[in-house]
Amino acid sequence: MTANQPDPSPELDELYRGFAEELLVPLWTEIGDLMPMSPSPAMRPHAWRWKTLLPLAEKAGELVPVGRGGERRAIALANPGLGGAPYATPTLWAAIQYLRPGENAPEHRHTQNAFRFVVEGEGVWTVVNGDPVAMRRGDFLLTPGWHFHGHHNTSSEPMAWIDGLDIPFVHYTGSAFFEFGPEQVSSTETPERSRAERLWAHPGLRPLSQTAPAMNSPIAAYRWEHTDAALTDQLALEDEGHPGVVEPGHAAVRFTNPTTGGDVMPTIRAEFHRLRAGAETAPRQEVGSAVWQVFQGSGTVRVGEAEWTVDHGDLFVVPSWAEVTLAAATQLDLFRFSDTPIFERLHADRVRVGGQR
Amino acid sequence: MTANQPDPSPELDELYRGFAEELLVPLWTEIGDLMPMSPSPAMRPHAWRWKTLLPLAEKAGELVPVGRGGERRAIALANPGLGGAPYATPTLWAAIQYLRPGENAPEHRHTQNAFRFVVEGEGVWTVVNGDPVAMRRGDFLLTPGWHFHGHHNTSSEPMAWIDGLDIPFVHYTGSAFFEFGPEQVSSTETPERSRAERLWAHPGLRPLSQTAPAMNSPIAAYRWEHTDAALTDQLALEDEGHPGVVEPGHAAVRFTNPTTGGDVMPTIRAEFHRLRAGAETAPRQEVGSAVWQVFQGSGTVRVGEAEWTVDHGDLFVVPSWAEVTLAAATQLDLFRFSDTPIFERLHADRVRVGGQR
Amino acid sequence: MTANQPDPSPELDELYRGFAEELLVPLWTEIGDLMPMSPSPAMRPHAWRWKTLLPLAEKAGELVPVGRGGERRAIALANPGLGGAPYATPTLWAAIQYLRPGENAPEHRHTQNAFRFVVEGEGVWTVVNGDPVAMRRGDFLLTPGWHFHGHHNTSSEPMAWIDGLDIPFVHYTGSAFFEFGPEQVSSTETPERSRAERLWAHPGLRPLSQTAPAMNSPIAAYRWEHTDAALTDQLALEDEGHPGVVEPGHAAVRFTNPTTGGDVMPTIRAEFHRLRAGAETAPRQEVGSAVWQVFQGSGTVRVGEAEWTVDHGDLFVVPSWAEVTLAAATQLDLFRFSDTPIFERLHADRVRVGGQR
Amino acid sequence: MTANQPDPSPELDELYRGFAEELLVPLWTEIGDLMPMSPSPAMRPHAWRWKTLLPLAEKAGELVPVGRGGERRAIALANPGLGGAPYATPTLWAAIQYLRPGENAPEHRHTQNAFRFVVEGEGVWTVVNGDPVAMRRGDFLLTPGWHFHGHHNTSSEPMAWIDGLDIPFVHYTGSAFFEFGPEQVSSTETPERSRAERLWAHPGLRPLSQTAPAMNSPIAAYRWEHTDAALTDQLALEDEGHPGVVEPGHAAVRFTNPTTGGDVMPTIRAEFHRLRAGAETAPRQEVGSAVWQVFQGSGTVRVGEAEWTVDHGDLFVVPSWAEVTLAAATQLDLFRFSDTPIFERLHADRVRVGGQR
């Protein structure tokens, strides 16, 4: 309760009743919660374990068909601070999606921005605006807002991956539009590389036929081989005494839109981090929330008061302004996504590195 | 409930229990609510009447002191769809603030962006980063994020005005910071024009000492005389057969940041509209929510299914994508603010004029 | 001649002849001139006197008709370093234009950006894309590239003013297009304010019917009353101990495009400066060239090695990187335009204030 | 001579003498040349032959030492329309540079933007701000303004390549600064890839340690293998019926700054074009001038009234607004650079494709 409240009295009670009747609320009783000294979000740090998630997804694969209506066999992380809503953070959705051999997730489009990250496996093609995009281990794949997309599994093995979207943000702010597309994916081709990559995934080059800035990255798939090479190069540069890493023992890349140099989609930032065995990051706080997934290796993570040992496939979430520290037991590779572009575009971003002084 | 759900079975029940235990939620049961075909916000259209608001504010003036702790004698509109929270819309705060003769609202600063709009009265100076800004009828006054500000009433009359902020958005997304300033306003000067206006409120001119773009408008006060003149000019141009008005009989201006030409603050758009007596606007839908206040005149407003006759000082709120129509009984002047810059900066803005076809 | 040249020899002579035959030039003989240590432009500082210019313009008024073909009775400053070309600087054109009672300068349009500045007199309307714009003492008036424009003198007195354009730059870089319009101006109305001003010259306000950024300022006329008020305000703020002036005793404004906050046209910057009697500016060097005109008052100007006493109407030109100092004998008001936006947009701008250290 | 001149008379002669004495030039006698209906640049289309250039460069290698003072053994194309100045176009410099085994071109920096393109050979490293960059056949290498750079040949063979700079533009506009660096290159390492490439030449990825937009591309070298792959992909997409090529049989990429998606440097655009054997481009006109070099293959080029058969290494220049058509005899690969960013940044760009209608 906010300090320095007026003394209780019958008149005050009557005034407060009047407020309630007229759909009014005084600031002076609420300001402490509404306007805290620093962000105090309802969401809580939490970790989900891959070895728990995957069997539940497999079981859903047996019991729940995929098709029109439910649209996707996706199981979302529900932050324990957010009242049971399927929200990893107030702004971000994170789910494990599961597709069995021969299955097809029907095409649709929506204003929510989406991506996939593949922690293991392969055999699914996601078809984005008619362009078939192979999904393979370590790849980061985009489905920007209002792009039609569906998935199908052409292999003899099931495949699971992670979906990231801005569903909670779009829901809260009221900007959701949705349209159904065909029930079967519009292309069943299975090329190694998408047409988008063939046009756009050449370093520093763009097709002369497309020279305007685009609000979303046209690179449909960021392949693991490139991400791995970039991280390897950064650590080699550090070994040689040259700049490049974020901090000692910590290489990282941001996935970007080659038409602007900015984030891949307007609301979502995506990054890949690699820590050398034994490295530890400086404590870092940032306005905005994030979801991390361990790609390979193991280590210890502290988020605010929470601490977990994490391993392959584990996911954890970071509230706004919570302090994060990573310590690598082995070489530790992590995928991260966050809502930071929202704050940067609204000039509300803040970062503090090195902890409370 | 979303269509095409799997048939109930004990295994499915067990699976769903497993989800709940592990803080997981399936998409296929929630997608209908989460990802609607078009925005279906929880907030509802609603109107608050000035003749109800003002007496409650006056009563609060008698019973509730203003000072450190409660900080402001502000009474917020609580949208009936938002569970009692003091939110006019999911993103916007709107409140009546009331200051009695000789009172002082202590200085503080916060990352929330704020403004005042004066529907009647005068006699208060708001002091923004040390610059005293007179508040008078029809004026629109800025307190951008992280600017220190306090108010004091130097007159012998109480004064009421409207505060607009992005408190709900900042609260939801977790980006609030707050600091206390001095308990007494840092300047008790009462100049006609603020220093900010003297530097910046000259049409098309900027001081050579400040040539970089600024994230917020440096114009502390947009005076009624300028707003009124601009609206008058637009209607005169229409009379002479020249372009300028938005649509027949409907003049409007946007308050802008002269260093960029864009909105006054990163999250808030503010506009002033004037309808000739008898004019009616085309139905308009827009992503994002808005708050309107009648400045003078009367007319009829339709927002989605709701319809009200509105008069001086009345406030009403518009949910995302709800259709709005205004019809002027007399010349009708309205102030409007909205969260549209959030959507424009995130490329999620959409507008439809002319209704569902 | 550049240092360290190869020793002369018959073979070298033959090589150099071979170069010449094949339209080739070696860098090693030219680098000293081509790539100097700091800008060493061919243009020279020079001053033109109003009391000389005006009688020549009057005489031209008697002898030279104005009409299609010659298009304008404009007499350009020809920098003594530029080989007789009608260029005030390598990039900028400055001319005195003269129109007698009842005369009409036919409409045309061109990609060159143009403006007028009125050092004295009134009675001419310039018609820009059909909008009649009164020209009065102290006004700064725009004719951006590809806008049709003509002038006519509706008064019983002749009128002279200054034209500024980017003709030399456009000529050198090869980007000139030109079209003839009607021989008589397309509107003979003589309103006090142009339609453009009525829509746009309200501080911090823009018409809701035009919300996109525009490459040129839509304000057709920047009136002296606003410029004068802004300068007066800055000096008053200085008297009161507040920031605002550029340096002690030196107030200045930049004319801006209200849709962007940037310069009025893509290639031309325009400013107005006021020095208190007795004030002296710090030495300033800037990449790019400039033209100044004294509006009122008198003082001493140093540009590089040159020094002049200047008075009402006098014009002087400043080469790139030449050091400029102004000293005011009386209150000294000056209009200035420059090509700085070219360098800023190409990231080639540099400024040094305070002289060579 | 411009039409409709005043009749000759003694008074007119005297007036014109008065103009000349006072360094004034009338517009009405010059407007036809100064403000043409469309660009009519002084520069002329011209082609230089590699089989002529290379022997002259070799001969210069014998006779002219490279070192401090002359700085570079570079031989510039001197456009026949530009009075003997070493300018390929009014804005662009193009030269063949030649370095013999063991030679070293001393380090310096200048505000002129520079690049190298390698039509054949290898064995030189250019050291840019201390980072050694291997130069190999087909590579495009950057030395943006104010970066220190020198070259040294570590091989047993001489090497020739093409330099492109904005020297004429910088000279004309007066924005040149220059500084000497060490006489010997600051690093004699000979890595396969530069540090810049290791950090930046990964498609769609940027190092998290450098997230701000940069005015120049940080990619020091655009390697032929990537350019070739991108062009090959475009033609394959065309074969499969998908979009990507500029026009039938014509693939092309633009070299870009990955931090912005824009051109590699503020004043210079660089592209690579590939025509299938037998393909012919649509006639194209563009504001701004360009230099092309044939990388491999042969064909016919028309530029305005000129027409040449071109082959490996040949260079040709295109004036502003001249119509260009390319016809490929064999598969034809061409490198192109132009000054288009200058016009785009100043909103003076225009393009016409398909010829005069």
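The chains carry the letters A, B, C and D, assigned in the order they are written, with residues numbered from 1 in each.
Here, contacts are C-beta pairs under 8 Å (C-beta built on N, C-alpha and C of every residue); 3 or more make two chains touch, one makes a residue touch a chain.
In UniProt terms, the chains line up like this: A, B, C, D = Cupin 2 conserved barrel domain protein.
Since the model is a prediction, treat every value here as computed from it, not as a measurement.
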item	value
Chain centre separation in whole Å, for subunit D relative to subunit C (CA means)	31
Centre-to-centre distance between subunit D and subunit A (centres being mean Cα positions), rounded to whole Å	42
Distance between chain centroids, defined by C-alpha means - subunit B, subunit D (Å)	52
Subunit C residues counted as touching two or more neighbouring chains	none
Category of the chain touch graph - line, ring, star, complete, other	ring
All pairs of touching chains, each written as two labels joined by a dash	A-B, A-D, B-C, C-D
Subunit C to subunit B touching residues, read off their complex	195, 198-209, 211, 213, 217, 219, 222, 226-227, 229-230, 233-234, 236-237, 242-246, 252-261, 264, 271, 273
List of subunit B residues in touch with subunit A within their complex	2-6, 9, 11-12, 15, 18-19, 22-31, 34-41, 43, 46, 48, 52-53, 56, 59-60, 62-65, 67-80, 84-86, 90-91, 95, 110-112, 145, 167, 169-179, 215, 266-267, 287-289, 319-321, 339, 341-343, 345-348, 350
